[in-house]
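Notes to accompany the following structure.
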Amino acid sequence: MSGLLARFEDHHALVEAIHALRARGYTQLDAIVPYEVEEVEHALAIPRTRITWLAGGVSTLCGALALFVLWWTNAHDYRLDVGGRPYFSFWTDVPITYETMILTCGITAFIAFFAASGMPRLHHPWFSIEGTRDGFWLAIDASDPRFDPEVASELRGVGATAVERLDDEA
Amino acid sequence: MAENEPQIGRRALLEWAAASAALAACARAPVRKIVPYVVQPPEIVPGRPLHYATAWELDGYGMGLVALSHTGRPTKIEGNPKHPASLGATRAIDQALIETLYEPDRARGVESAGEPVSLHEFDERVAHKRVAVLMPPTSSRAIEKLVRRIRSELPGSDVWFHTPLSRANVWAAGKSAFGEAVEPMIDPSKARAIVTFSSDFLASGPSCVRAARKLADKRAADGARLWAIESRRTPTGVFADERVATGAHDRARFACAIAARVLSDSSASDASRALATTLRERAGDVDTRFADRCARDLLAARGAAAWVVGDAEPMELHALAWLVNRALGAVGGPIVATPSPILEAGERSHDLADFSARAASGDFDLVVIAGVNPVYSAPDFDLARSLAGAKDSAYVGLHRNETAALCRWLVPLAHTLESWGDVRADDGTGSIVQPLIDPIFGGITIAEVLARVLGDLAPSGHDLTRDALGLDDGAWNDALQSGVLPSTSSAPTKAAMNEDALVGLVQAWVLPVKHAIEIELHPSHAVHDGRFATPLLLELPEPLTKSTWGNVALVSRATAESLGVGDEDVVKVTAGSHSIELPALIERGQPDGVLSIALGWGRRGAERLADGVGANAFLLREALEKNAPTAIAAGRSEPVARTQINIDLYHRAHEIARSRLKSEKPLAPDTAMRLSLYTPQLSPTAPHAWAMSIDMSRCTGCQACVAACNVENNVPTVGKAGVLNDRDMHWLRIDHYEGDRGVIFQPMLCQHCDDAPCEYVCPVNATVHSPDGLNEMVYNRCVGTRFCSNNCPYKVRRFNWFNYHEDEPALRQLEHNPQVTVRARGVMEKCTFCVQRIRDAEHVADSDHRALARDEVVTACQQVCPTQAIVFGDKNDPNSAVSLRYGLPEAYAVLDDLGTRPRIRYLPKVIDKSPERA
Amino acid sequence: MKTEAVALEEQLTNLVFEPPKWLKPCLIVTGLITIQLFVCVFYVFITGVGTLGNNIPVAWAFPITNFVWWIGIGHAGTFISAFLLLLEQKWRSSINRFAEAMTLFALFQAGLFPILHLGRPWFAYWLVPYPSTMRVWPQFRSSLTWDVVAVSTYFTISLLFWFLGLVPDLALMRDRARTKRQRIVYGIFALGWRGSARTWQRWRIVYGLLGGIATPLVVSVHSIVSMDFAIGIVPGWHSEIFPPYFVAGAIFSGFALVLTLMIPARALYKLHNVVTTRHLDLMARMVLVTSLIVAYSYFAEGLAVRRGHDPFEIHQLFYTRARGPFAWAFWTTIVCNVVLPQTLWLPQARKSALYLFILSLFIQFGMWTERFMIISGSLSADYLPSAWGHYAPSLMDGLILFGSGGFFLFAFFLFLRFVPFIPIRETQKDELT
Amino acid sequence: MGHQLFPAWADTLFRVGLGTVVLGTGLAVVALFGWERSPQVRQEDDERPQPVKFDHRHHVRDDGIDCLYCHSGARKERWAGLPDSQTCMGCHNQIWTSSPELAPIRESVAKNVPIVWNRVTDLPDHVYFHHGAHVQYGLTCDQCHGDVDTMPRVYMAKPMTMAWCLQCHREYQARGATHATTNCTTCHR
């Protein structure tokens, strides 16, 4: 991937720039921030992630599966009389079902997060730019329809202190 | 297996391979071997055990046995139902025969001055020489014949008899009464009132099994009140309805008091009525109310009242017993005067002093001590000197023990399970001793020793026995089959009782002196006189104190305070020049001033396990004849390994151990409704429902069931340290409680609860329930979380903290029951209701296409119980023995409130106090 | 970026890049203790659990006590990070990673004991339902199988939660690294975090989600652990109030441990600007509250038993514990868990780091004796007086407990050495926004 | 450009690495289950070397000798048992008297030393199997021991795992055989 990175003084400047560019119809925008800044996220109008739904669904399925295993092993495949207790009793199976749901929910969310964020990875064009660690940067992807290399001046116009050019052949 | 492999290899094959390999229980061995016979004996079928009727003698008195053999390897002892002394049950020490057989420390070959030599050299040493033989008392016809021959053919030779626990007083009194050594045989089934003077006739002695059985039955039938006048609490004493604790002096006075009342009242002769007045004077101020009640009870039961005296009591008291028994019309009824089966009973040849004097004299070329250990058990006779004085000395025994250490020759003695021979029960009934296995270490029997003395260099125990018994083939085989020689029980003595002699004896009686401190020496319930030093018995709890691995000094609380000692504080007991140190235990019902100490401990022999365990009280015995003993606190303490510490019920008698007086109305059955959230899962299709009933009124606490269970189920022993750390492994224990109305013995084992709390907490299904109601323990599935033990309210589960069996000597492993898994380290175990017996019975029934017969399955504890306190069987069968008791209104389940629904129901202990009790 | 933020960043990253002198010796000592632990564990595996002091009736003793104790201690970590996260307590951010790490290392220790105390530890996997050639399955009515799932879930979720929170800071460490080696290592563990606003948003939501599920997890785990006893019929175990009672106790001891570790670290690393007196005060309040809950549980249990009229229960609580052989444990528990914490009503006490430190040690000891009293005390005298027994720990018991403490600290010092143990990005954010 | 720590291909390497670790462990576990069940590991098909070159094909198939003639215990007893040397000689002092194959047996009888065979079917010591109970209920030998009459050297032929035993017991139960119980003490004591 390639595109442009523009550095801004602080996140307020960044937010203004984002608004400006979006007003000009830029769509493929992203920002680099040292810590989460919700204004930036609002400015970029990032849609809410659906990972939570995924995790919820998976954990429900696994919970059901766990309950089935409990029933199948103790009440169906090998029925043993254990202290005169019922072969299958829902209440004694609650803890395991419950914990399984939590476990699978967590693992799903964790994996899904990295998958959705294009991680894990070691190499990324942004890494080739000095200062991406503590600055506030705006990223325009070359795939943006309005993108053209000469946008740099435009960016300076909205207050970028530095503009860096990216191309993936690094 | 080392050097003894070939001997066993011939006989014990498949199962032995399994058993010894079973060490690696729960592991799959790569490729194992399988060894068929070269010529398979017709009677042997691999996998099906054989039963042989045999017998053995303890101090001359025979006990009939049925020994179980797996392809030539004896693994279990049962009683012989046809034998009068057994009636199908045994004592704990009989169970230990299996362990003494496979004792790794047994003498392993003939030695001369420590050098291994051939038996042949010994033969030449003894043949036709002037030989002095010391051996245990015997009733063997074969030996009798040999002894007579020696006396006649070899004037230079002689034979003596010795046992540490002699019945000399009994015989002496019998002699003066009837002119011959008679045994006062008690038959409780004919008695309504019995008084015992420190006689533990229900739990020790040659006839205890029969006596206990008959008394229990008689009680259940129409009652027989038992009065005990004794020092320490014996099983008999706590079995008694009325008991008084006395020292020797007071006991004698009680005897006088009661006898006085009986004699004066009864239609006795003038002489005895005159005696009564003397006795009344001697009685002095003992508890007259007790004496009154006792005498009245005896007189009321005239003709069915008996007076029993302990072996160790003074000869005059035994004499008095004959007078009183006759006055009560007991002789010929509950008490029968039978000529003693013991060879030369009460004669000079039973005098150890005579032997040691003669042996020291040096008139003999060779002194042979066979099967007894006088150096340990009679230290004051200084046999060391006698043996030194003798020209040459040989010891014939199972172990290289204290005596063997002083003899030049050591000849291995054949174990009774390796021997041919014959014995007679106390009532004279004869039995044949037949071997189940070749002598593992090539031992010879005492009869064979005597035969060698007579010059027979290749004697066969078999032939000696047959000659002596003179039976034709048919009779011989029948006797081998049934285990008893028909109609050989001896008739009551013909002689009339010599009353004058007895009266004279009693008139001249000087009562035992009352000392500030009195020592009561008694045989250990576990190791007897010390000859049975096997793990099983060393770890067998004493019935009341539950102490193992050593002896203690029992003291009353008052005495303990005056001595300034508490539990487990060591006391130093001195008599004459001898003194021993051993820990004290405060015991209830112990007379003040009396220290009771068990004999049989403090061995210093070759049996490694027993070596130095406890203190040797034999050291005191001779000295006590003359000297007043003293006892002082040694100022240190020594832990006593007890399997039970708490004997109080903490007001939980109703939940746990119920008891009532016979006069009270029967306890109401538990009518409380047992609510359960669950529908029982037990499948109704199960043909049987195994259950057990235990009658606490019948339990004497004799520990035979504990021993039998250990042998049957390969239960390991854990040693003193283990017991001290509450790691004892007994599947079946006999709990001892101080109930509201006296001592209660409660055999406690897995209750096989229908709703077992142990099962639902096991995470791996290692303990589950079988359709026929067994609480199954699957060793090979157990991972050892021990949650089941925590959740067992009866605490009957046992855990293998270490690999107990792997650390056993190889020879020991031969005693394992091949039908039961040998548990490895880290698994839980517990009573299985002898499931191996149940399943085997089912398999056999299946193979014969028949249903199980009623009461066909018998558990080890039930089979061995002398009083039939334990009954096991199918509760679905309304007429099975167990159903009959299980359904009784008084039958209750321990901790019933917990809703565990146990499969064992107990019957309360019923005590028959005498009505006039204030 | 603002200078104070940069300064803070400097300060917090230097904690790792310029490790203090005392760290190395600490690592060596605790490392040696860890080795001792594993030697002992190996010895027990080889010789058998008999080397521990356990017996019948006291079949559970030190190992299970330690297990419950360590698990409990772990709880504060997740509680702080998850519960307070949901309540949007800002003050959590400076101590949460600390607490979470504590949780993880406590769980290492906890996990060791149940396996160690098995009779045949090499078959521990039989508690997992897998298709075996025996065709036998675990028995899921047993709370021990619940334990397996609960504890492993708890460990996994705590690990994921901890790591997820760590990633942005690892990226920062990568970027600030002094040497190439550091850059590579941190670079790998940062998994390519590049601070994209989109990732940040996703990160916040998933982190919140994990916090959300970790909160009921905390409650459930110790409830399930408490059922190892509550589902039994042993007098002193068979009690309905165990779950809440155990959870409160867990958080109680957990906060105490946070104090125990945080206060010295704060002093040694001079973090008074990050971990302020206010933090100490707030944690002290939590300790006080949980202490009151625990105290109430003790009272409620006693009351229930008194009213219950069950002779066995009454004997257990009012004799065996209060006056019997386990009285020392009982009274230590009361003093450490109920009496001493009451001093925290005083503001001075809550603000004195030294006092809190000492108090926290007492509380840990008190919570240990509480578990010991409940587990071993109850077993030593249950239903049949004939079966009552005593318990004395063996040398191995002591060495293993000591060793597990050393192992815990060893892991903890490693954490201090290599991981930014104060969340840099979050604190920055709190500073600036 | 100097700030790129890793080249582009490092990504692929890293991800592939992670993937293999995760998948690898999973596969390893699955492999274990397979391994445990494989006949090779269970030694099902291992022909055991024996001290005597005894050929069941010849004795059973050709001569039509019944299994129970030599393994007589199987009918009613716990163990099927192996024939004693005498049984072999029963026939072989008539035929093949001088065959070198039979030398060990003749020697065994002469010197009275038993022949030590290698176990083929070997259950663990905590399993108690009763041949009689099975044969009496009509099971045939080959149901558990395979077609021994086609084996030059005998091998186990069946897995002999608990699952395998259970499966059969359950089938019989389903057919109403109440004696084919599946509770633990049926086999374990």
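Order of writing sets the chain letters: A, B, C and D. Residues in each chain are counted from 1.
The rule we apply is simple: a contact is a pair of C-beta atoms (placed from the backbone, for glycine too) under 8 Å apart; a residue touches a chain by one contact, two chains touch by 3 or more.
Computed from a prediction, not measured in an experiment: that's the story for all the values here.
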Identity of the chain that, by mean CA position, is farthest from chain C: B
Between C-D and A-C, the pair with more C-beta contacts: A-C
Chain centre separation (chain A, chain C; CA means) in Å: 31
Cα-centroid distance, chain C relative to chain D, in whole angstrom: 50
Gap in Å, rounded to a whole number, between the CA centres of chain D and chain B: 47
Centre-to-centre distance between chain C and chain B (centres being mean Cα positions), rounded to whole Å: 56
Sites on chain A at which at least two other chains make contact: 78, 80, 82-83, 85, 120-123, 127
Where chain C touches two or more other chains at once, by residue number: 134-139, 141, 143, 145, 187-188, 192
Residue list for chain D, restricted to those that touch at least two other chains: 5-6, 11, 14, 166, 183-184
Graph class of chain-chain contacts, one of line, ring, star, complete, other: complete
Residue numbers on chain A that touch chain D, as the complex places them: 78, 80, 120-123, 127-130, 168, 170
Residues of chain C that touch chain D when the two form their complex: 130-136, 174, 183-184, 187-188, 192
Chain C partner contacts - residues on chain A that touch it in the complex: 10, 30-37, 40-41, 44, 46, 48-49, 51-52, 55, 69-70, 73-74, 77-78, 80, 82-83, 85, 89, 92-93, 95-96, 98-100, 102-103, 105-107, 109-110, 112-114, 116-124, 126-127, 132-136, 139
Residue ranges of chain C in contact with chain B within the complex: 47-50, 53-60, 117-121, 123-124, 126-127, 134, 136-139, 141-145, 148, 228, 231-234, 311-312, 315, 379, 382-390, 392
Parts of chain B lying in touch with chain C, wherever the complex brings them together: 644-652, 655-656, 725-727, 733, 735-737, 746, 748, 757, 760-765, 768, 781-787, 789-791, 793-795, 797-803, 825-828, 894-895, 898
